[in-house]
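Working notes, structure below.
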Amino acid sequence: MTVRVVPRAALDAWVNDLVQRQKVYGVQLKEERFAFGPLVRAADLRLDYDVTLLPPKKYFLPQREVLSRFDRFKVEFEPVLADEPFVLLGVHPYDFEAIRQLDAIFSRNHPDAHYLTRRRNATIVVSDVETPSQDVFAACMGTATADCMDGWDVLLTRIADATYAVEARTEKGTALVGQIQGTKGAGEADLEQRRAVWDRNRDVLKKHQLRMNPEDLPDLLARSYDHPVWEEKAALCYSCGSCNLVCPTCYCFDVADELHWDLQTGERTRHWDGCMLEKFAEVAGGHNFRGGKAARYRHRYYRKGKWIHDLTGDIACVGCGRCISACTAKIANPVEVFNRLMEATS
Amino acid sequence: MRKPRIGIFDFACCEGCQLQIVNLEEEILDLLGVVTPVEWREAMSDQAEKGESFDIALVEGSITREEDAERLREIRARAKFLIALGACATIGGVNKLKNNFGMNDVKETVYGEAADMPHLETMPTKALHEVVQVDYMVHGCPIEAAELAHVVRTLLAGKTPTLPAYPVCVECKLKENACRFEFGEICLGPITRAGCGARCPSEGSWCFGCRGLVDDPNTQAAREVMAHYGKTIDDLRGKMLLFNSK
Amino acid sequence: MSRTVEFDVHHVTRVEGHGNIKVRVKNGTVDEVRWLVPEAPRFFEAMVRGRSWEDIQTVVSRICGICSVTHSLASIKAVEAALGVEISRQTDRLRILAHYGEQVESHVLHVGYLVAPDLLGQKSVVPLVTSHPEVVQTVIALHKLGNHMMEVLAGRKTHPIRLKPGGFAKLPTEAELRDLKARLQAAVPQLEALAEVILSLAGELPDFRRETEYIALVNPPHYPFYHGQIGSTDTDERVPVAEFERVVNEYVSPQSTAKWTRWHRDAYGVGALARFNLNAEHLAPLATKVAASFGLEKGCTNPYLNNVAQLVEVVHVVERSMGIVDELLEAGIRPEKPHVEPRAGVGVGCVEAPRGILFHKYEFDERGRCLAANICIPTNQNHANIQKDFEALLPEILDEEEDAIRLKMEMLVRAYDPCISCSTHYLDVEFV
Amino acid sequence: MSEATVQNRAPAGADAPRSIYLPEPATLVDVRPMTKQEKFFRFQMARAEGMKYMPGQFAEISLPGIGECPISISSSPTRNGDGSFEMVIRSAGAVTAALHRLSPGDRVGVRGPFGTHFPVEDEFRGKDLVFICGGIGLVPVRSAIHYVLDQRDDYRKITVLFGARSPEERLFIGELYDLKTRKDVFFQETVDVADPTWGGNVGVITTLMPQLRLEADRTVVIICGPPIMYKFVLLELRKLQVANRNIYVSLERHMKCGVGKCGHCQINGLYACQDGPVFRYADISSVREAI
């Protein structure tokens, strides 16, 4: 589909119509910060947000999700798959890249039906960043803009005060955009403005400056296993897992059973977990395979920069900067750590 | 199958934890479907026979007098599982604030001239496990009704429930809250054991540590973090005293 | 008739906290009748010393699990008075709503779970689940309403989180308030149903009267729980809450060792009946009707009817809550953040707890650290009155069966809904 | 329903993958105590073809309401003509304790088999085999031992070293005795701490190793035991000049999903559940978290 131009008012009218017909999740204000949530009206949608507290991955891998329902005495399990279509409004490009990476993880080897069912039910509207967050460094990771990414359904870019450029890439996206009344084809000037937004974002989404190419990370890490930075930084780590939990590319989970009051039926659920938590690698009997803070701390950076890369070829940090802001101890900045490793080994 | 017998007991506390059992609302009927309450002074006139045993004793409150310690030992002897209910029972909670002062001082402050009377004798506050063996702790001030329900159901299914080892920040992140530190407040979340679903941060307040500290709180981090946010370690200590006095 | 009765009700059940009744009657004359409180003292007034103004609420809320909103509000008002903090009308309204939630929860708990079994001849609410399921369902529904109000306004059913000096840590949304309005409306027929059940059983309440002084907040034309001055049925004088120490006159009784209170007589009563006796004309319409259906009138001196007054109050606060929600929705919820600057000062906060008038007083240094505290709880204020009631009641019922005597005395204690765990300062006594 | 709603509904039915977290029913057919802590179990899958697996693989055993845990399959596929499989389970926590309370006829949920297996059909063939097992480490290795004994002619010299903490913690006592008496197997065992009934070797398992007369270039060594054991056994093997590519280890890690998703079993970049639990030591000798 070609690029079209739509006034904000028309966009709002469409959103107000859409929320009547479909489940829509969009970015809204939450306690002076932003979060994705069920959208009830266009007026609540904040496309000018800087960053959401949690990434939109929660719609594909929810914080807590029922995997199956069981009967304890019959020993029977019945799968639970969330099969409801929804529209996700306002995903930033870096977060979209993270979703794409998770897609790869959850479809390789044993494909995960729970994730994939939610994923296939989603129509994703990516929106270019309007306000850079305090710690974003997507531009360093090549995720500042979605122009060269694949897989998104719709891309929304604010090209003037109350005017958006909208482009659909998939059938789902085309159908969705087709419902917007009052769009017109984009002219060369509009496209130029859109490119300007991208250029600007590739420039400004760089609150921290990574002094290397992301592609160099696997090699850099391969030689940094014994670097002092791990011990140094980890000394201040609370093992609180915040850096894991806010990360759009983290996907570790735990599984637990919950019984109902009949003490017979219940649910098997999965919950987010984090490799920074103390007991993450502990086995029955108490042996902990990653018992030291530094070992856990290092593992997170290796997962971002090497282990996932070894698996899928992706650098699993998209530069959203959430871990930097979320870490109370102020030690979770990947850019700072990677730059430190550079200094020492170059 | 015989329904497990349950007894509910209280010591020095606000009885808010027992209230959470009532606050199960309709679910209390479910609870009564799977256990037989044999003693619950706050809600029932029936009392178990002296020395009668029960499967689960839920005990709230702190121990502040020798006579209470004695009664607790007696309850322990009669109970297969003894579950400590709420901060007063699990860590001493606000009752331990008292331990920061001399016992005579607290008595005189409250009772003035009458402070010498023998029945006012008080000893430094103790959590239950400092007096008897406790099989399981349901933390919180007050406890979360849902957590208690979970613990009871888990036990009845023949499984020992496990306490979260991670700090409140985990649940705070899952709830998608903005961090209180960003608002210039001191939050005990990073060093406090989770399980409450980050109640207080989710309600716009700092965590005051009612579930006790995690096993290995990073005190060095706490120091530097306070400095980073322009606070002192004394500010932090002041907060910690509320529920985690020694 | 000459008979000997001797019993000890060790730990009266279905009350909050531990209280004992000791009776010794020899040859038809009362040798001893005493209301004793063996609850372990917890020394809150000593414990809060050194704490910051911003932590006082967190600590003193734990005085009582059932009136935690009340204790929180009393302390917050005291802190605000001491530090000179102004609050917005929105904060004021929201606090009153939260406080109303606690009145509903506490009164329904008391009347429904603790007193109703007496009236239905049961030892607890448990058998009522099968014998009177619809009553239990109604009680649960209303209890939930009270809890829900506290959750939406104060952030939790017990030990509020959002209530802070200066305002609210988090505000309810307008959607939540609209939902609350609907729930309040739905509660009206349930209240009427509960009132009917209690009315049909009211005959079980003993007919016993004793003249005494009643003390409560007054604030015409309101039936006040939150704002007002101290009023008494013995005088037209109205005392500002800051001068509460002039009213409570705590003293150590030679006959018992509990710290008692007195103003114009040797004892006074506080609580729902006291509030009713001072403010009945300001009740909301349905509450007025319910009171009339029980024949409850100003000047009532039967302490057992405190339970009826509680029921009337539940109806009243539900009615008034709807008005407050409307007012809040009309104005719209404005985002506000509490702002407080510490300074040195002394302040008193007073509100009506479900069980009666409650006073908190704090003194702070210039950094806002607490130097001294004085907390005077309603249950303490009622103890002398319970004792006096016992002394008057026992001779009247001496010819009844021992079990009946025991039950009536226990019911009397329960009528006061004593919240013994509140006991910030208790003098308990040696007991057998 | 709107156009978009119809369009973006996930295709139902055929191509929707089955949940990989869904246990299948199985029945406990036999259970016997082995030691104070361990019990022996035999399960039969409800599905007709039974359990198809190779030595060294594991399965996730579920008790709904309690949980799920990974357990090695201890029997050999050469002996499960009826499709049943055997396990030895130590009561170590919630699920395993509840498994210990089961009796024959009770049902469990099973997922699997998962993971890599001992290359009994490939690298092991025509080689001298040395099995070194500590304690419960015997359990997964037993599957391979049975397998090679059942195809005895495909392999050369077979050696089994077994170490237990104490005599009463020895597993499969009858089978240990058979191994000892077999002419075609060299068997040695030891206990860390003896008791009055014990007349055999005393000392940790490495004390048995100097007696090994290995032809390093045609020997494959299999190691399984508690985490602490590997390091010391490997040191001894180095002295015996066994190449890392001829050493196989079976590693245990915390594990939730068994299918390379949950992240718990990661050993640096490897997943114990997918890349293992059986690893060729040469592949992990430089993986820092492995041993």
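Per-chain residue numbering starts at 1, and chain names A, B, C and D are given in the order in which the chains are listed.
Note that in this section a residue touches a chain if its C-beta (ideal position, glycine included) is under 8 Å from a C-beta of that chain, and two chains touch if they have at least 3 such contacts.
Note that the structure is a prediction, hence the values are computed from the model and not measured.
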*Closest chain to global C-alpha mean, per-chain Cα centroids*: B
*Write down the chain pair with more C-beta contact pairs when B-D is set against A-D.*
A-D
*With chain centres defined as C-alpha means, what is the inter-centre distance between chain B and chain D in Å?*
43
*State, to the nearest whole Å, the distance from the C-alpha centre of chain A to the C-alpha centre of chain D.*
37
*When the C-alpha atoms of chain A and chain C are each averaged to a single point, how far apart are the two points in Å?*
51
_Counting only Cα atoms for the centres, state how far chain B is from chain C in Å._
25
*Sites on chain A at which at least two other chains make contact*: 31, 72, 259, 263
*If you look at chain C, which of its residues touch at least two other chains?*
170
*Two or more other chains in contact with one residue: find those residues in chain D.*
65-67
*Check the chains against each other and report every pair that touches.*
A-B, A-D, B-C, B-D
*Of all residues in chain D, those that touch chain B in their complex*: 65-67, 94, 98, 101
_Looking at the complex, which residues from chain B come into contact with chain A?_
27, 30-31, 33-34, 149-150, 153-154, 156-157, 165-167, 169-170, 173-174, 176-179, 181-182, 189-191, 204, 214-218, 220-221, 224-225, 228
*Could you pull out which chain A residues touch chain D in their complex?*
21-22, 67-68, 70-72, 74-77, 79, 81, 83, 85, 87, 105-106, 109-114, 116-117, 120-123, 171-172, 175-176, 178-179, 225, 251-257, 259, 263, 266, 268, 270, 273, 275, 280-285, 287, 289-290, 295, 299, 302-303, 306-307, 310-311
*Which part of chain D faces chain A closely enough to touch in the complex?*
1-5, 7-12, 16-23, 25, 62-68, 92-93, 96, 107-109, 227, 252-254, 256-257, 259-264, 266-269, 274, 288-289
*Across the complex, what residues on chain B touch chain C?*
10-20, 22-23, 25-26, 28-29, 32, 37, 40-47, 61, 64-65, 68, 93-95, 97-98, 100-101, 105-107, 109-111, 114, 117-120, 122, 141-142, 199-200, 203-205, 208, 238-239, 241-242
